[in-house]
Each structure stands twice: as C-alpha cells, then as structure tokens.
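I am attaching a structure below and will ask some questions about it afterwards.
As written, the chains take the letters A, B and C, and residue 1 is the first residue of each chain.
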C-alpha cells in the first residue's frame, strides 16, 4: 500500500471517528495484519481502549478480523480495510444519490445504515418505529420548495411498514446488501479456509496426481468463492415471498411487508438478516454519471439524457463487485431495448431539434451518395425498417407524413419518439468511444448494451491526457499521445511526428519523465555505455502512470484535509463559541459582526476545500475503482 | 570541317534548349545531313571535346546530355584544381557533397581546397547549403540547383530549421476548416452545438482538406496529401480532431466550455512546484502553505 | 545532467534530483541552478471552477454526515494533558461547561445491540458488560439479550446549501441557513496540534477509570439540558430513561441505551 494512501486513510478516520480510531488504524496500516497485543504496543494505547476502538472499527467495516481456530490456541488477527476507509469520503454523495432517486425517507435509511455500519433489520425497524414524534420544521428553514419528494422528506418516518418498504426497495436495488460472516474476514482468510476444507475433502477421494489435484482444488476454491458472492447477485436475496413463509420459523421472524411492486409478488424481509450499505453499487452509479457527462461533452445534452436513461435501466441489475480489474457490475450482461427507454424517458425532452440530419445541410454532397452504404449505421437502418429511415431522412417533412401512415396520433407519436430515441442511440454507438453497442436481434427498434470496462479504460486515458495538458501544456500532451500510439520512440522520431524541433520537446520529455508519466529505456550503441552513445527510448506505461498519479492524488487529498484542520484551528475560538448550545441558532444576536463574517468565511473555505477534495476523489475512482 | 562545326552548332542549338532532356543516338539521327551518320558522329565528337555534351549511361544504352554555353565557359576558365572540385560537386547533383568527402575524393590539400571552394562560390558557380539531417556539416552543390527534400527536410523547413510558425498557422487553419464542416450551422436562438445524425457522411476527407488548402492561398509552398496528413495527425494527437467513417474522414472534437471537469490540477497541489518536498512534519506543509492561502483567498 | 539541472532550477535546487534523471545526450538547454531559492517559489496558482449546485449539495451532505458521527457515541476527542492547556482558550468556565458539547475520550459502546458473530470473541466482553461479567454465551447468541438496547436513528437533513440557485446573493443567505443547521465543528483542530500529548491523556484516563465503563471520563458532562447540545429533533427519543447509563449520557439527549 502506498505511503500516501496510508496517510490519507489515517487522516480520514481521524476526521470522521476521532483520534483513537485513527491511531489504531495507523498502527494497522503501517504494520499490516496484527494481533490485539501488537496493536496495543504499536498504538501505545491501553488494551481496554484498543478493544473498544476495534469494536467501533469492525462495526463500521473499516477493520476486518480473522480467528485461526486450529492448533488449539485461538489467535485473532486484525487487518485494515483501507478501501472501506476511503469510502468515508462518499457518504454525502451516497445519501444524496438515494435522496434524488427514492426521496429523503429512503435517503434517511441509507444515512442511518452508514452511521450504524451494519444492523439487524429487526433492530433497525424497531428503533425507527418507536419514533412518532412529529417533526416541527416540516418546511425547510429557508422556505424553499425543491421538489415534492424533498419537501415531504422532512416529515418523520413513522410506521414500520414504511421503513420496511424503503428497505425492500433499497435491497432489491442492491443499495443495501445482507452482511454475512465472511464479509467480516479478509478474503484471503476466507479463501484459505475454503482451500483447507476442499483439500481435506479431496484427500479421501483422489490422492493420485498431486499436480492435478492442485488444479482441481484451485477450481473448487474459485467456485466456492464465486458462490459466496453470487448470493448477493440474486435480486431478492434476503427477502421472502410473503405467501410461502415456512411456518416453523415464522414466529421468530419480524415481519414487514409491502406491496411495493404491483406486478410482482409481495415481499417481506427476513428480520434476522443484517444489512449494510453496498458501496460498490454506488461506485457503479458514480461511474455511470461520469459516462453521461462524457457523452454530453462529446455529443450533446439531449443525447446524454437518453444515455442516462439507458444506464438507469442497466443500473437496476448492477450489484457491483470490486475486483482487481476494477468494478464488475455482476449479474448477467443485460440488454436495454429502445422501447424500455421510450417508456421511461421524460416526454419534455426535445429529441428532434437536437440532431441535424445530414442531407438537409449538405456540404459533403460529393461523397454523401458514394459512401452512404459503407457505414455500419446505414446498414442497420436499411435492414428491417427502411421505411422508417426514409421518414427520418426527410427530417422537416415528417410531420406531413401523418396522413399517409393512417395511425392514431398517440401511436404515431410513440413511433416517432422511438425513432428519435434510436437516432440518439445511433449517435452514441457511432461515437469513437462507442458509448453503446447495438445488439443484433429481433428486438423492436433495437437493443443496446454498454461495455463499461472498455469505456472506463478510454475515460482513464482521456483523464490522464487532460491532467498532462493541465499540468504540462499542449505540447506535452501531443508527445504523450504519440508515444502511447506508437510505442517506444526516441527524441528524433518524436520530433518528426510531432512537427516540433527536438530542442523544443526535450524539456517537456524531461518533466514528463520526472513526474512518472513517461519512462525511458536506454539502449547503448556501444559496449562502453557512454551516455552520448546511447539511444533513449521514451515509452508510456499506463499502469505505472496510474500508480504515480494515484499517489499524487492521495497526497493532494491529505493536504486538503490538513488544510481544513489548519483553517479550523485558526478559527478555533470562534468555532467553539458558535458551537455552544446557547449560541447555536442565535448567531445573529450573540456573535459580533466580525465573528459572523469570519464564520461565513470559514464555512466557505471549508466548502471550497471539501468540494475540491471530491473533485480529486472523482479522479481517484476513475483510476482505481472503475 | 567547317561544315562539321556548323553541324555541331546546329545540333547544340536545337537540343541545348532543353538541358534536362537526355538524348539517345536515335534522337540525334535527324540532324545528320543526308542521313550520313558518319558526319553526325564526328560532330558529336567535336561537342564532346569542347565539353558541350556529356555521355551518360542509361541502362545499357549511352545517352547524351547537353550543357549550356555558360556552363562550358565557366569550366573553361577554371584552374585544373578548381575544375576538379567543380566536377565532384557537380556530380553530387541535388544531394550536395560534404566538404570532408570532397577532400578525400579530390585529395587536395585543405588550404587548396578551401581556396578553390571560395573562388567557385565567389563566381556563383556553387553554393553551400544546410542539411536537415546534418545541420553542422558544410555541404556544397551547384549554384542553380535546388536541394532535394532529404536535404531541406521538406515543406516544414526553412533553412534547415523547422518552421514552427508556418506549421502552427497551417494547423490552426485546418482545424478551423474541419470544425466548420463538423457541425451543422446553429439554429437561430440556440446556443448549443448539436450533432449531425449518425451515418452522416459530409465530414471532410484527406483529399477534401488538401484541396481546400491548395485553393486557400494559405501558402505558396506546394503541399502534398502526405504533408496534409502529417498535419492532421498532429491535430489528432492534440485531441482537436478525430477520424470518423472508418478513418476515411475527419471531424472536430466537440469542445464545450466547462464540460471538462478538472480535479487535482485546479487544487494548489496539482501544479505545486514543491509538492515533492511537502510533508506534514516538514518545513513545507499544508498549514504554512502560501499557495493554499492565496487559493482560499479567492472565494 | 540536463534533467537534473532543469529540475534544480525549477525546484530551487533544494535537494531536487534525488532519483537522478537519465543522462541526456547532445546539447543541454537547461543550465543547473544551484543558488538558494525561496521556500515557496512563485507560481500561478490554479483557479477553482466554482462548485456546481450538485457539488454543493454533496458537500453539505458530507458535512452533515460527519457531524452526525461527531455527535454520536463513536467519535473520540482526546483531552490535553494537565498543565498544558492554553490559559486563555482552555480555561474552564461555568458557561463553557454548561454549553459546550461533551467530548468523549473513548467510544461509548454499551448502548446498542450488536451482531456478535461478526466480531471476534476476544472483543465480546468489551461489547457487552453482561457477557463480561458472566461469560454467558446466551447474551451473545440471541443477539438481543438486553432489551433496553436500541439502535440510534437520526433524521436526515435535506436542506439544500443554496436552495438550488447558484447566484452569490442566495449563497450569502444560505450560509446563514447552514449555520442554523447542526453545524458543529468541533475541537478536532486542537487535536491536530497536540498529537504528542495524547498518550498521557490516555494514561490519565486509564488510571481514573478502572471499571471497564466509560463513566467518569466525561468530566464536562453535567448538564442535564434536555435539548442538549444537539438538535433534539434529530433523534428519536423513546423517553425511556436508562438507569444504568443515564449518568453519563443524559446530557447528550441523543443517544439512547
């Protein structure tokens, strides 16, 4: 683990859970997997306090543990889950995401699960259900009305049924997932335990060929590890159909049910299961939001809205698993049809005036005819529904076609909407980044898939080039792109392609190399290895650049958090006064003008700094998680 | 004999007007009086002796190249050393010859060689040129020849120096041209750039762009499709253009103000000159950082 | 040494070139500069694109969430060592004791139900004192041996930082709104500057507190103000006074056993 990441995680834990937790985390991150006594020694904190702190950290999933039970004496090891610590940064955005999608009651459920780490459903609902206090400030303090859902959001959640309804929704959408014992253990230990078990099973049956046996074991281990995570992929995992409850255990289970989904059966939650927030699902959502922004900048706002709608349909099935390769959406590769999008897309989006049809504005008339059918796009259009295409091609004239088609206006409208949506999807498919892929098949108006892994690869490259451009300028970006494209290049070859003088690129290459964006291979011309008689080949290594950049990101984030601390300490007297219970809410009367101004300034500073932190976080996710 | 002189002059007058052309024996037969090839041969010999004609070998056949009277007069007045140097430079044609090679080939003493070169240069018989490949070498070629592309570096070079201003001007012009063809004209009242529909084929191709540059009076320099392609490559590497329609055409990358989100580079740390030295416990840290101070001042 | 020289010039020659760039052939364009330079050499500081309204909401929710953790039972602030208090800033006055938020030196654990099987056995006694006393696994097995324990639920603050608008004027008034939110920036800052002293702080606490509970640590905490220092509406009060632990967290009014 990179030193800068250790520093960042330590600061983050201190910022959220305070000094004790951060000391324990620091000890674990610095020295790796440790026993209780080692932590006590390294953190220089009494054992009783370390234990209390570990409970906090395990409850929040920031620390994993495993107890080795063979060999008579149990030894429990603790290990930091640093990626989960990093997730502390996402709390605000996660809550907001749910708020936007499911309203503030559901957001409140997520917020509480974040605060609790994990909780048994029955405990959670009981705690919620007890509250019948009406909330006095049902209207926002500043009197703004945002949207219907947000306005009602300030009303308290009162009934258990309502909460369980939200929990079921969030579970089905995989924002909440059941916690199993193995989630509390480092996956390495889980795998080892399975391996051990599989091995002992295997010994009895076939001890013949060791090499072969090992392979068989490996396969079985992989299979069982897979099985562990695939439970969660099941849409209704942790939920029970209301009708078929086994009567034996019904008594023990706290029953909360809902008829949330009219077309499906009613579901109830198994009250004994334990839930937590599924961070990976949120990562996938954040990723998709980034893809939409990208499509917007490349193609246009309207097309990006269509894309967002498509991704929303895909998101339903995303569970999200973090793997070494990045985020894997899990579940089957799903196809979204144009019809799906048409059913949910907001009707007030102007799909027509956001695309210009080619022939109307002909400046390429020389080739328009000749090349027309060489493009894949036109091929597909001409397959099944060529009449539709003719209609489209007339662009402005298609209103007049109503009569000839003899369709009811609603049906005609629908048809046009689908055709227009498809036009936007075609744009997305035709883009060099191939935001969507058209699926061959009989689906009416076409079906679409999204290759997020490939897209994120391209996204990373774009971001990297963007950073190079921002930091080192356009010439450096040109050089990096050439090297990425051509492989290993010497200064001369680079200058030739870049149409730049060698002496003009030398300094750029030097800086890029120094900052870890480019690497050099030396090939001596002679055996003496004289520097003057050596070829220097520059090359680009995405993995190394990524690491170098992440390292810089972590460091920059740490500095921002430290600066927030510094700014806070500069204002500590004021903040401690403003924090007093008698002052709170009466700042206008009790604080001086200067104090009020300083308070405002501090809040703006903090907002600016945290905002910046989140912008860097976006890049970290891009390079590390997606 | 006088007839022979006359014949020789006639041949030279007829063929000497085109010094680039190479003549075969057959080409000259029409000049033979009464089809007498004997006289013709004699006349050619006269021309050869006087240096008005050179024999070159083309494939298996011998061909003749005519030299202008000027050239002949020129060499006639040279000292033998100078003539030797001249001949070597002449044979290097448009490639030119490096002074060091000249020295080994002529085997002349350096001071003699220098003197010869000086005289020839003063008479404007030869010139020294700069080579892109070997900027430090002194290379000579005949005064009235233009160096080859290998020597000059092609259209991008002026005096063996890459002409950055020229290139940049072309890049900007081409980018503008491609951009103008990449998006539809904005509808009145609309501020956003909308895209052409999928399958649109009106994006400019390499030959479209080359043609446009030719007709645009941007430059006197003759630019081939390959030259324009090199420029387009650079624009692609700059992220300004991209290939479309299976790589056959070019399109400008849509760029919208503010659409590109920045992260670390707009934080003080993103471009900090002392980032590597910054350390919580060191003399440079987040608390005493003057950059943060200034950055935060802009609220 | 072209690179090294270049960096030296840029970085002011202060120990730059630790990893020595490769030797570059041919002419060197950058001359090394080994002269002394400023600690913070001048450079054009980047400008932050103003936060969008979306980003401002994210920041507001983030602050709010952090604030909730800070008000909760898990957040710890270590006190300063005796004798090292700032005579002006740290003077303990009546009003300070009455109105300042209580600070917890160790997390308060005994108030909520746990899923014991998710924790290693060696921590069980820390999580539940009745297990500590009796070693009775039944406490652990049914998970909810202690009926009085209840999860703490808080409501969500759904204020928007600027009412969805993005002009400066509304920003200013929104700052006021934010103030009215539970914006309680705590004493964390002090912590940051006193890292060295924490050990002793803990030592002290260990001495005065031997019973495994966190009673007695919160010396500041003798207010019984029902509204507490948090917004009482934020939490759902079951009104069930807890006899065992009421002493040490009654003042909070927020976290119930």
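Criterion: contacts are C-beta pairs under 8 Å (C-beta built on N, C-alpha and C of every residue); 3 or more make two chains touch, one makes a residue touch a chain.
Predicted, not measured: the structure shown is a model, and the values here were computed from it.
Taking A-B and B-C together, the chain pair joined by more C-beta contacts is A-B. Among the remaining chains, B is positioned farthest from chain C, on the basis of C-alpha centroids. Closest chain to the protein centre (all Cα atoms averaged), using per-chain Cα means: A.
One simple way to say how far apart two chains are is to compare their mean CA positions; for chain A and chain C this gives 25 Å. Rounded to whole angstrom units, the spacing between the C-alpha centres of chain A and chain B is 52. The distance from the centre of chain B to the centre of chain C, with each centre set as the mean of the Cα atoms, comes to 67 Å. Residue numbers of chain B whose C-beta contacts span two or more other chains: 262, 265-268, 270-271, 289.
Residue positions of chain C touching 2 or more other chains, listed in rising order: 48. Of all residues in chain A, those touching 2 or more other chains are 562, 565-566, 604, 608, 612, 615, listed in ascending order. Note for the complex: chain B touches chain C at residues 258, 262, 265-268, 270-274, 276-277, 283-284, 289-291, 294-295, 298. Residues 156, 161-162, 164, 167, 181, 183-185, 187, 190, 192-205, 208, 230-231, 233-234, 236-239, 242-246, 248, 253-256, 259-271, 275, 278, 280, 285-287, 289, 292, 296, 299 of chain B are the ones touching chain A in the complex.
Every residue of chain A that touches chain C in the complex is listed here, in rising order: 14-21, 23, 36, 44-46, 48-49, 51-56, 58-60, 65, 67, 74, 76, 89, 91-93, 95-96, 99, 104, 107-108, 111-112, 114-116, 118-120, 123-124, 126-128, 130-131, 133, 135-137, 140-142, 144, 146, 150, 153-154, 156, 179, 181, 184, 274, 503, 506-507, 510-511, 513-514, 520, 522, 531-532, 534, 536, 562, 565-566, 568-569, 572-573, 575-576, 578-585, 587-588, 599-600, 602-604, 606-608, 610-612, 614-615.
Against chain B, in their complex, chain A makes its touches with residues 7, 293, 296-303, 353-358, 361-368, 371-372, 374-375, 377-378, 381, 392, 423, 426-427, 429-430, 432, 465-467, 469-471, 474, 477-478, 481-482, 485, 495, 497-501, 504, 552-553, 555-556, 558-560, 562-563, 565-567, 601, 604-605, 608-609, 612, 615-616, 618-619. Chain C makes touch with chain A in their complex at residues 2-3, 6-7, 21-27, 29-30, 48, 51, 55-66, 68-70, 72, 74-78, 89, 95, 98-101, 104-107, 109, 112-115, 117-123, 126-127, 143-144, 150-156, 158-161, 163-164, 172-193, 198-199, 202-203, 205-206, 212, 214, 225, 227-229, 233, 236-238.
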